[in-house]
Structures are given as C-alpha cells and as structure tokens.
Amino acid sequence: MTDLNPTTTIRILTTGGTIEKSYCEAEGTLKNRASIIRDGLIAALRLPYTRLELESVLNKDSLEMDDGDRRQIADAIARTAEQGEPIVVLHGTDTMSDTADYCFGKLGTPAVPVVFTGAMKPMGFIDSDARQNVIEALLAARLMPPGFYIAFHNRVLPIPGARKNRETGTFEAVAAKP
Amino acid sequence: MTDLNPTTTIRILTTGGTIEKSYCEAEGTLKNRASIIRDGLIAALRLPYTRLELESVLNKDSLEMDDGDRRQIADAIARTAEQGEPIVVLHGTDTMSDTADYCFGKLGTPAVPVVFTGAMKPMGFIDSDARQNVIEALLAARLMPPGFYIAFHNRVLPIPGARKNRETGTFEAVAAKP
Amino acid sequence: MTDLNPTTTIRILTTGGTIEKSYCEAEGTLKNRASIIRDGLIAALRLPYTRLELESVLNKDSLEMDDGDRRQIADAIARTAEQGEPIVVLHGTDTMSDTADYCFGKLGTPAVPVVFTGAMKPMGFIDSDARQNVIEALLAARLMPPGFYIAFHNRVLPIPGARKNRETGTFEAVAAKP
Amino acid sequence: MTDLNPTTTIRILTTGGTIEKSYCEAEGTLKNRASIIRDGLIAALRLPYTRLELESVLNKDSLEMDDGDRRQIADAIARTAEQGEPIVVLHGTDTMSDTADYCFGKLGTPAVPVVFTGAMKPMGFIDSDARQNVIEALLAARLMPPGFYIAFHNRVLPIPGARKNRETGTFEAVAAKP
C-alpha cells in the first residue's frame, strides 16, 4: 500500500552569497563565514513531512567565484543528484545564473530538480527576502520536474534562460542563447 | 513577440480563519475582523512580476461556517475563475478541506488553479506559519495546473484528498472518498 | 576595593496578564498559561551585568483577580523584598494600578524599588509593546529609589498616582487620593 | 494647576555608528548613509507622552571620527541643550566614550541629561541590540539628572567613567582619570 504522506528529503547545498552573509560584532564586518541557514532560517519553518540535509560546498561571495569554484559546485550537484532527491542550491545572486548555466552546460538535464536561490539582502535582516526565496525554492524542489531552475520572488525560471536584473534587484527570464 | 516577463495576477479571496484573526487591545480579544493580510503579510513580500487582487468574501472562524457560507465561497470562486487567473483562498484550517471538497463537488475541476491555505497561528504572531503558507500558496498558484489544492507546510495536496490532522497541526493526504 | 561592574540581580514576579497570554494552536485560544517571558522575551535581551530571577506567583487575567490574589502578590513582594534586590512585577493592565495601590496600602514604602509593568498586546505579537515595557521596567528597577512604580511606554509613574487610560491604551498620572 | 501628564520632548542627535548602518542591495555594502532610526526603530515604539526631535549631525563610523567631528558633536550638544530638554546621542561604540569624555571636558556638566547610546549590531538585524539600547537611553533621558551618560545593555554609566570592553562587546565602568 502506498504511504500517502511520505517524508521527502530535500538536499541543500550552500555556497555562500549574500543570503548567508553574517555580521561579526567584533570586526564590524558582514561576510560569508560558516553556513547560517539552519538556525537562521530553517528552524523557523514548519516542515512536518520534509527532511532537509545540508552540505556546505563553499562560503564565497559569488563575485569572487571562478571556474574552479563552479566545477566544485557542479561536481557536488552531480554527486548529490545520484541520491535521487531534489536539490536546493544557495548561491550569491551576482553570478547565480552563470553558475546555473555552467552546471547545465556540464551536466545537461539532471535526474532531479535542482533549484538555485539566494537573496538580495542577508537573511539576518528583518526585511530580508531570504525567507521568501528559500520557502519558494523548497516548494519548487517538490513540484518541478527534473531540470535546473532559479526560484526567486514568486517565480521559478528555467535554466538556461534567467539573468539578474541589477536595476530592479530581481531575476528575469531572458532568451536562452542558442 | 512573447513578453518573457509578464506580470501575473493572482486573485486572493479571504474568508477569515485563524490566519486573519487580529487582536483588539481595547477588548483583549483575538477574532476575525476585517482582512489584515495586505498590511500584515503581503506588504513584506517581494513580488516584482505578480499583481495581487484581494477580495474579502467572509470574515469567519471556519468552525462557524455553514453550507450557506460554503455556497458563497464556491460562488465567489466560480465568478473569479472566469477571469482566467489563478486563485488563492485564505480559510480557517478546521473546515478548510470541507469547504474545498464542497467547492470541488459543486464546481468540478475549475478553469484555473485554486489554492486554499491558512495558518495554525494568526499572522500577527512572531512564530506564525502564515507567511510560509501564503508564500507557498502564491507559488503553487503559479505552478499547478487547474484544480483545487491545499498548500500548507511545504506541501501542495490535491482536492479531494486532504484532511487536517488535529494531533500534529498540519494537513495530510487521505484516500479520496469514491 | 569597590567592584565597578557588579552583577545586579533583579527579581521578576509574574502574575499573568495580557503580556504573558500565549496562543494554543490545538484550542485556538489566547490565555494565561505558564509564564513565557524567559524564552519569549528575556532571551533576546543583552544583560551582561544583570541576573534575572523569575518566580511565578499567579497566571491570571488581571480582570479575574480578587483580593485574595492581591494579598498573595503583596505577600510575594514582601518576602522577595527582604533579599534587598529590585523587583519587577508582570501584571495585567486592567487592574495593575489597583494591585499596586493595594500593595502600597499594605506594605507602605518597600525596602527596594518595585516596578510593575505589562503590555497592551501579548508578547508573542510582532507589534507587542511587551518588549519595550519590560526593558523600561528593568532599567527603572536599577535607577529608581525604593518605592512602588508603574513603568510603561517611556514613563515611570509613582504609586499611588497612576491609572490606565482605557481610551488611549496607556497609563497616566492621576492625583493620588488623600 | 499642574498638568500631570505633560508631553516631554527628547532631542535625538544622530552621528552614525554601527547602530545606523544600513545595507545597500545594489552595492552589497553595509555603511552609514542617512539616519534610519525614525522608520527603522522609533516608529515601532509607543511614546504617547514623548515627542522626539531628530537632528542628524554626522553619518560616520566612529572609528573615522577625528577631533573636528567631536567638536561638531560638542557644539551640537551645547546648542541643543539650551532648549532645556533631555538629549540622546546615537554614536558608534568604538569611540563613544572618547566623544563623551571630550564633550564633558569641553562643556562640563550640561544643563540637561545627555545620554549616549549605540549598538553592537546594526538596527536592521533581527537580533540587534539597537532597540533595547535606544529604549533604555530614552528612559534614562527622562530619569537621570543633568550630566553625560552612556546607556547600554541595562546600565546607565556616568561620564567620565565608561569604556567599551571589546572582548565582551559591552560598556563597563572604569575609574575616571583624575
């Protein structure tokens, strides 16, 4: 008999980015240090039939990522996808679509949905969009068919075909390059 | 040429329920009064390509709803669905699945996705699940095919086939009655 | 040699009131149950040189308090004051000044500052005044000479001589009865 | 006849500091820009008998302040104190006691209470101490006799005689230099 209410595992790969920047009171600096999403955001969500598995791949501002970093992220996605469960990737917004495009170029369509998200404002701020984007990414990870996506501000954009609009501070669909 | 970034309208029908109960300091009571979701929750979301249209149908604790109320909700859904845009219905959790089942029984599969949601704790509380559930319902309204659903706690359950579990305070899938 | 930075103990007596009403999701009710101030408010304050000792005297809506309850509160204050450290009393606003007047009538000027406070909105709400009032009461407990006071909304009012203004939802100074 | 409930004006001079650093999403930087305390903190307080008058003197990280800046702050305090109403000064913590000592050295005991405060974490963060410190400073401004003070973390320290403890991230009393 089918279990109508199975617990679904979603695997979260963290790479840094604005969403996970934290403030050090001694230094007075806002930077990517260790991943803070578990206590800083996930603990406040209600996920009775969802189990989250976190893995920290990198802790970098995405402006500082190079192709070696992107390869590392693609490798982590490839390895994680083998477990057959949906994946959410936390990433800086500035080069999120570059990394997503790179992963698509390297891996093609993955065996599971791989949903990138991040935030315009670090999750520690009262008015951060991190909580909204993570909630959306976690739901998109359950609802979308296998493929790469960016979930952001009430939209799920397929990859390739998304770019950050720096003027408006959000992601938009663009014509995918042939 | 196709607009790659159209603004999508989502129509929110409010009916009351725990999610919209507000506290009156003069009376010391927590009750359904006018709808509070616009200032109390939606204002804090980032929705650059989404336009929300709100309509207040009822302001009731769902334990006090009768078939006349359910008919009124079904009528509002039928009328609103004609505009061809996805619908979110805010509703008390105690009889949410009854109302959703009633609407499905009366309307069959609607022309648009109709996503019910609500909350275990009123939206004014720091640790309310209202924000999470509304964010999920707004995304489900964009992603799901036409039909009735309940979006709650990182799941989207098809109607008929969902019930509140009073022990655990969430919704679960159940075998739809034949 | 004097320790320039001693740790000060402040003793908090909780009696219930709106400030400590909590929401039960199973029942859908907002009531005085156990004291919630430790996790719900104090944990978020920075008190490097202050130690708080909590004692729960009652858990009642102050509209339901009778003279037996007031005697119990006065007894708790008298007993606690013997330890020579300032006292904060959490109390419902509706009869806060009655209880404070009663305690003053029974105990006269105490050996330590005794600062009553409460809130117009329960501490679990995002826009509650509980945090502000408690922060003020804790500072008044350090700064005021021995006596009874109500700390509320950026004021510290001596007892006797304070009343709740039900129209405006705050406390005001009144001419003390001769 | 005396008005038992006069409205008290408190004059807030802002100079920048961590407390008022704000995040720019386009730049990804956390800096002192315009003063943000009105919308970012004061709007959420209940101050029925208090009127706040804000004046922006500087918008600087206090590590970058020099004696010219301190002179400007002392001049603003001297000019403002002439109006006979208590003053709160928002200032970075790193050199707050230097500025306060400087002002005391230049102005001696002022005609009104002048209460410096700030925060270890910018006010936009969920777990900032800004709200606590500002609430304390506003109450100290009402309760203390004329003089210079630092209000921080449930204490009001007289000036001269206070220093930031960088290890513990708070202010402490120190023996005032002769």
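We call the chains A, B, C and D, going by the order they appear; numbering starts again at 1 in every chain.
Methods note: a residue touches a chain if its C-beta (ideal position, glycine included) is under 8 Å from a C-beta of that chain, and two chains touch if they have at least 3 such contacts.
Chain by chain, the UniProt names read as follows: A, B, C, D = Asparaginase.
These figures come from a predicted structure and were not determined experimentally.
Trainee: Farthest from chain A in C-alpha centre terms, which chain would that be?
Mentor: Chain C.
Trainee: Could you work out how far the Cα centre of chain A sits from that of chain B, in whole Å?
Mentor: Chain A and chain B have C-alpha centres separated by 27 Å.
Trainee: Would you kindly tell me how far, in whole Å, the mean C-alpha position of chain D lies from that of chain A?
Mentor: Whole-Å distance between the two chain centres: 40.
Trainee: Quick one: report the Å distance separating chain A from chain C, using the average Cα coordinate of each chain.
Mentor: Inter-chain centre distance comes to 46 Å.
Trainee: Could you list the positions in chain B whose residues touch two or more of the other chains?
Mentor: In chain B, 120, 127 touch at least two other chains.
Trainee: May I ask you to sort the chain touch graph into line, ring, star, complete or other?
Mentor: It is a ring, because the chains touch in a row that closes back on itself.
Trainee: All pairs of touching chains?
Mentor: Between chains, contact exists in these pairs: A-B, A-D, B-C, C-D.
Trainee: Note which residues of chain D are touching chain A in the complex, please.
Mentor: Against chain A, the touching part of chain D is residues 18, 23, 25-26, 28, 30, 61, 94, 120-122, 124-127, 166, 169.
Trainee: Could you please specify the touching residues of chain C with respect to chain D in the complex?
Mentor: So the residues of chain C in touch with chain D come to 4-5, 44-50, 120, 127, 129, 131-132, 135-136, 138-140, 142-144, 151, 153-156, 168, 170, 172-175.
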